[in-house]
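First chain A sits with chain B, and in the next complex the same chain sits with chain C.
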Partner chain A sequence: MRIAVLLKQIPDLVEDLELAPDGTDVDREFLAFTLNEFDDQALEEALCLKDAGDAEVVAVALEEPDVDQCLYTALAKGADRAVKLTGAGEGWIDGHRRSAILAAWLATAEFDLILTGVQAADDLDGQLPPLLAARLGLPHASVVVRVELKGQVALVRQELGGGTVADEELRLPAVIGIQAARQAPRYASISRIRQAQQAGGLEEVGAPATDAGPGYHLVRLLAPEAAGHAQMLGGSAGEVAERIVELIRAKGL
Partner chain B sequence: MIVRIVVGGTITVLALALAGHRLYHLARLVRSGVPAPGRTSGAARRLGAEIVEVIGQRKILRRRQSGIPHALVFWGFLILLFTVIEAFGDLLVSRRFAIPLIGHAAALGFVEDLFTLLVLGGVVAFSVIRTLDSPARRQRSSRFYGSHTKAAWLVLVMIALVMVTLLGYRAAQVNTGDFPYGDWAFASHGVASLLHPLGRGVNSVIETAMLLANVAVIMSFLVFVTYSKHLHIFLAPLNIAFSRRPRALGALELPGETTGAEHIEQLSWKQLLDLVTCTECGRCQASCPAWTTNRPLSPKLLVMDLRDELFAASSRLVGNDGAAQPRALVPDVVREETVWSCTTCGSCVEQCPVDIEHVDTIVHLRRRLVEEGRMEPAVQEVLQRIAQQGNSFGKSDRMRARWTRDLGFAVKDARKDPVRYLWYVGDFASFDERLQELSRSLAHLLKGADVDFGLLYEGERNAGNDVRRIGEEGLFEMLVERNLATLGEARFEEIFTTDPHTFNTLRNEYPAHGLDKPVLHYSQLLERLLSSGDLVVEPLGLRVTYHDPCYLGRHNRITEPPRAVLARLGCTLTEMPRHGTNTFCCGAGGGRIWMSDDPALGERPSENRIREAVRLGVDYFVVACPKDYVMYSDAVKTTGNEDRLQVVDLVQLTERALRAEALPEPETV
Partner chain C sequence: MSNDVLVLAEHRDGAVSDVTFELLGKAREIAASWGGRTVALLLGQRELAAELGAADTVQCAEHAALETYNPEAYEAVVLQALEQLEPRLVLTSTTTVGLDLGAALSVRWDAPLVSYVTGLSAGDGTALATAQIYGGKLLAEVELSGPRALCAVLAGSFPHAAGRGETAPTVETLDATGLLDDLRTVVTSVVSPEGGDVDITAADLLVSVGRGIGSQANLEVVEELAEALGAPLAASRPLIDQGWLPKARQVGKSGLSVKPKVYLMFGISGAPEHLEGMRDAELVIACNTDAKAPIFDVADYGTTVDLFDLVPELVSRVAG
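== the complex of A and B ==
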């Protein structure tokens, strides 16, 4: 059983996002990057599958800022291999191009299961898993919260609207978009990450040249507008109470 | 004489063989531990500790009630070694044996008799203490809870028997004319007058019987000691000799293996020696903030559990049972929640009369858990935030110095302009809104006193004190590297910190990695500015108590500067019973501030502390640590003492004295 987990670096949202001068991307120069949290869930679910049975976990990522750290962390957590696809280009790689590159590479290797995060904060469209499945001609399920393997079948639990869940069977190989792993992502101690770094073992492969096909063209990004902030009322209980009454009156509630 | 030689000699040879065999086994067990570097360097300092702590009984005398009887018994044992020589002389050489040269000195006879009685008095005192503080009745609040109390009583009986038989045969010797001392051996002569009517023949039989009994009791005591917690008689001097000097506080022990201990054999020989030296006195337990507030950690029981494992594993460690399955120290020997309950406040280390280094061992167990990712999700999150963003709040670097915006003046960037003092603000004082206010107060004070200071701005990262104590040694090293690189870009003469935890690691742990600048805590800086006249204040006339932060007062012995500041501010200081190096932890240290606390456990350490302070009848609870400010501000509320006690920081008091303005009423929001 060989499982590919697709990882993506996105800007760390603790930073204030600023737009690049041309208005079609965030300003990447001073941003810190971090692993997409849903991809972290996908990695955890893959490692749980490995813990539960006989599976090889391969972490795959495009060459993006701080991606080495991300892949070594995956190795430290228990991934068997880490592959970095280089030369896919700088800046924001949208879901169409990303899926084309990844699909081209995945087609060159044998995988029984392909896991990735259900979505990522930088596009929020959840397109990567279905696009990949379509390009590879594989079955697909998304918003999945649990995966079990039974021979050549994956039993998955998918979240639907209104709190309903569906248990489904997918014939392998398949592509699954993970919403949450069965347990919180594990911790990789810095000493383990450093050991992984020292051991090397990051496989660098040129990203296959591909034609992404029809997609969209980004015209303009807009910076978030500052929303209203909470106001803290200080002073004695009496003063605070007076202010609250004033506010309620002023708002005409 | 033949009977005496045969019976006495047999007992002695047998006992020495048994005890020797046991001690040899223990020595092999201890030596099976991994290396503990640096444990023999600094011989003079070690000799000093031996004199002060062993001969002088310094640490044990801190608790007078049990300390004085212990000192008397200990000194008695030393003096009475002369009577042991005499006993063997009487047994093997001649009934009239006397130690050459000094064997007839009146003073020796007097001192021997005096200490025989004093040791008996000590045994009585110990019995009273053990009865009053009986764990059967007082449960967890007894410091003997979980200790081997039956063995302890047996030891007391044996000591009493040694003294009684000693007096008995000495008295009989007086009556047979064999006693080497005159009237100054008052107790022997006193008892002799009671036995005198029995006649010389009976006294001669009594002498032989009591002498043999004396030797037999001493010898069985010797054997029993090597099989019980009373081993400290032999091992305490050794453990103290090899202990970390000046004390096992401040810096953590540098781990040989950064990934901690999974099995007992991964502890160092010194850690193993700690285990077999423990005498189960429970001083650590009685002062532990976790244990005294019903948390699942007693340093004593932790040591005892590890010792049980050491003995249980002995066939694997030094025998030929190499195939035996080792037990995981956590959770098979020590529970996970026990290891995480420690605040690393160091009270156990401070109290331990035999210099056991509990905190180092607990952190070493944590290292293994961290390595395996076994920790609370909240702790994992904090570690990931610190690794990713460099602070425990998970905020952007660039937000670190945002609190300076409202100052009304620009603080220097020490990476651009040289400064006299580099202020290492720390995460809490930088990011917590309540504490940012205090940081601004301190900045205004410094500005007003014309102090040349600067910050590292977004270059500062969490200094790593608590990260290291959580057991994430790799992250600690990463932080040290980053911070030292940033400090290398800055130009300054001295560092001062807001947080005593930051202060501790910068002062005690960073030098090993290359930091060579003096490190101060802001309380020391304030004292400096007040005594130099750079800060001029008017007396506040407040009634206050002062809480020593563990990492300032205990770990770093800085107890006077904050008090000197309070004195200059014209505050009347009333001390809490637990103060100075004996301070009581707020419960936030060692990463505990990020861990969950089961509310069902009841009173928290910070609440226990506030109740201690409220009993003093003072108005202000003065702190000198950002974590304390947060913990105690909460605790006065949760204990309903807001109208009785107000938590203030040393900085706030100084600022108010500077402006000489009235303190506002305690907030009631």
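== the complex of A and C ==
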């Protein structure tokens, strides 16, 4: 059983996002990048599948800021291989292009199961799991919170919203968009990550060429102008607490 | 190509989802300005067509595999419908159905997709979509000028009244014969949520906590406040996924929708999926150290005081 986990670095949302001069991307120059949190969940679920049986886990990412660290962390956590697809381009790689690059590479490598995060914060042109599945002609399910393997079938639990879930069986190979792993993502210590780095073993492969794109015209990005803004309560913690208690009391509670 | 706008109707537990009416209202507006029709596509549960009167026609497909959502079956039937009907614009929501199908249809029907759309207007031969990215920290304006396009709309973006039609729509049948015979995806069961230890949807006052709490051990701080206020403790999704609180405490798209008189939140950023579950709260008070957190665009009152400074002050006032 060979499982691919697709990982993506995105700007850390804890930071302020400034716009680049042409207004169609964030200014990436001084941004910190971090692994898409849902991809981290996908990696965890893949590693749980490996723990539960006989599977090889391959972490795959495009060359993006701080991606080496991300891939070495995956190795330190227990991934068997890490592959970096190089030369896909700088800046914002849209989902259509990303999925075309990944699909072209995945098609050469015979995977039984492809896991990735249900979405990423910059998915303007759609989410990766269905984009990829459509390009590869594979069945898919997204918003999944559990995967089990039974021979060449994946048993998945898909959230339908409002707490309702569907249990589904997908004939492999298939693409699954993970919302949450069965357990919180494991931790890799700095020393284990350093060990992985020293051992090397990051495979670098040229990204397959593609001219795929989203097919729309992105006019600009902008900061939202909220219809309203909260009235901000200033002062010390005590003063703010006082006001909050008044507000609650005013509601008769 | 036509000038029609097609809405993928969604239903759950035997009822049409509210977001479908939002989409129908918007579809009517756009179809009217383009001189096209509004078409609803309803898979399974044909009896629900009567509720879709805002559409000029409802296209129905029925099959055992369409009774509940099956990604592969839905995709096959929707794709065939799009190829036959050739709408100019297709609207889905960003529920599981939209997140699962939208992008696949974009590839297979060869049409651009904009996801997390919150605003949509018709131009001269174009559509202009505004969408949220980076968890609502930024918006993107996207022009769709080609002959076909898809938009996945964030629930709550448009009023649903305009999509609730009075008259009965024309109902037509889509033939799904042959499309669904050899599916690689089978739905084995659909499970509805179980009640939890407390019912957060029934409370007038809710204390809600997010990832800003930092660790499970820190939860004690807000638990104490909730107890002092006699309010149940609710949470954002990441805390539930960590296993720190039971699922029945989750507010949002994949959790519960709440409308308390007061929603008092600590360390929650205000991601669109969380907002979906608390939009209808009467009074929202948010504590978040990031002055630019999107939650302050929807909260009535806000403070950037650190929750670890604020909560003890609240406890001493309420308990005292």
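The criterion applied here is as follows: the second predicted complex is superposed on the first by the 218 of 253 C-alpha atoms of A that agree within 3 Å, B and C clash if a C-alpha of one lies under 4 Å from a C-alpha of the other, contacts with A are read in each partner's own complex, and residues count from 1 in each chain.
As a convention for this text, a contact is a pair of C-beta atoms (placed from the backbone, for glycine too) under 8 Å apart; a residue touches a chain by one contact, two chains touch by 3 or more.
The structure displayed is predicted, hence computed values, not measured ones.
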item: First, second, both or neither for A:229, with chain B first and chain C second; value: second
item: Touching partner for A:237 - first (chain B), second (chain C), both, neither; value: both
item: Which superposed partner A:26 touches (first chain B, second chain C, both, neither); value: second
item: First, second, both or neither for A:1, with chain B first and chain C second; value: neither
item: Partner chain in contact with A:192 - chain B first, chain C second, else both or neither; value: first
item: First, second, both or neither for A:164, with chain B first and chain C second; value: second
item: Residue contacts on chain A - larger count, chain B or chain C; value: C
item: Partner chain in contact with A:127 - chain B first, chain C second, else both or neither; value: second
item: Partner chain in contact with A:205 - chain B first, chain C second, else both or neither; value: neither
item: Touching partner for A:12 - first (chain B), second (chain C), both, neither; value: first
item: Shared contact residues on chain A - chain B and chain C; value: 14, 16, 184, 234, 236-237, 240
item: Partner chain A, residues of chain B touching it in the complex; value: 258-259, 370-371, 373, 375, 377, 380, 383-384, 387-389, 394-396, 398, 472-475, 477-478, 665, 667-669
item: Touching residues on chain A, where the partner in the complex is chain C; value: 11, 13-14, 16-17, 19, 26, 37, 41, 95-96, 99, 118-119, 121-131, 133-135, 139-143, 158-171, 174, 177, 179-181, 183-184, 214-224, 226-234, 236-238, 240-245, 247-248, 251-253
item: Complex contacts: residues of chain C adjacent to chain A; value: 12-13, 68-72, 95-96, 99-108, 111-116, 128, 131-146, 149, 152, 183-193, 204-205, 229, 237-238, 241-243, 247, 253-257, 261-262, 264, 269, 282-286, 290, 292, 294-306, 309-310, 313-314, 316-318
item: Residues of chain A that touch chain B when the two form their complex; value: 12, 14-16, 32, 34, 184, 186-194, 234-237, 240
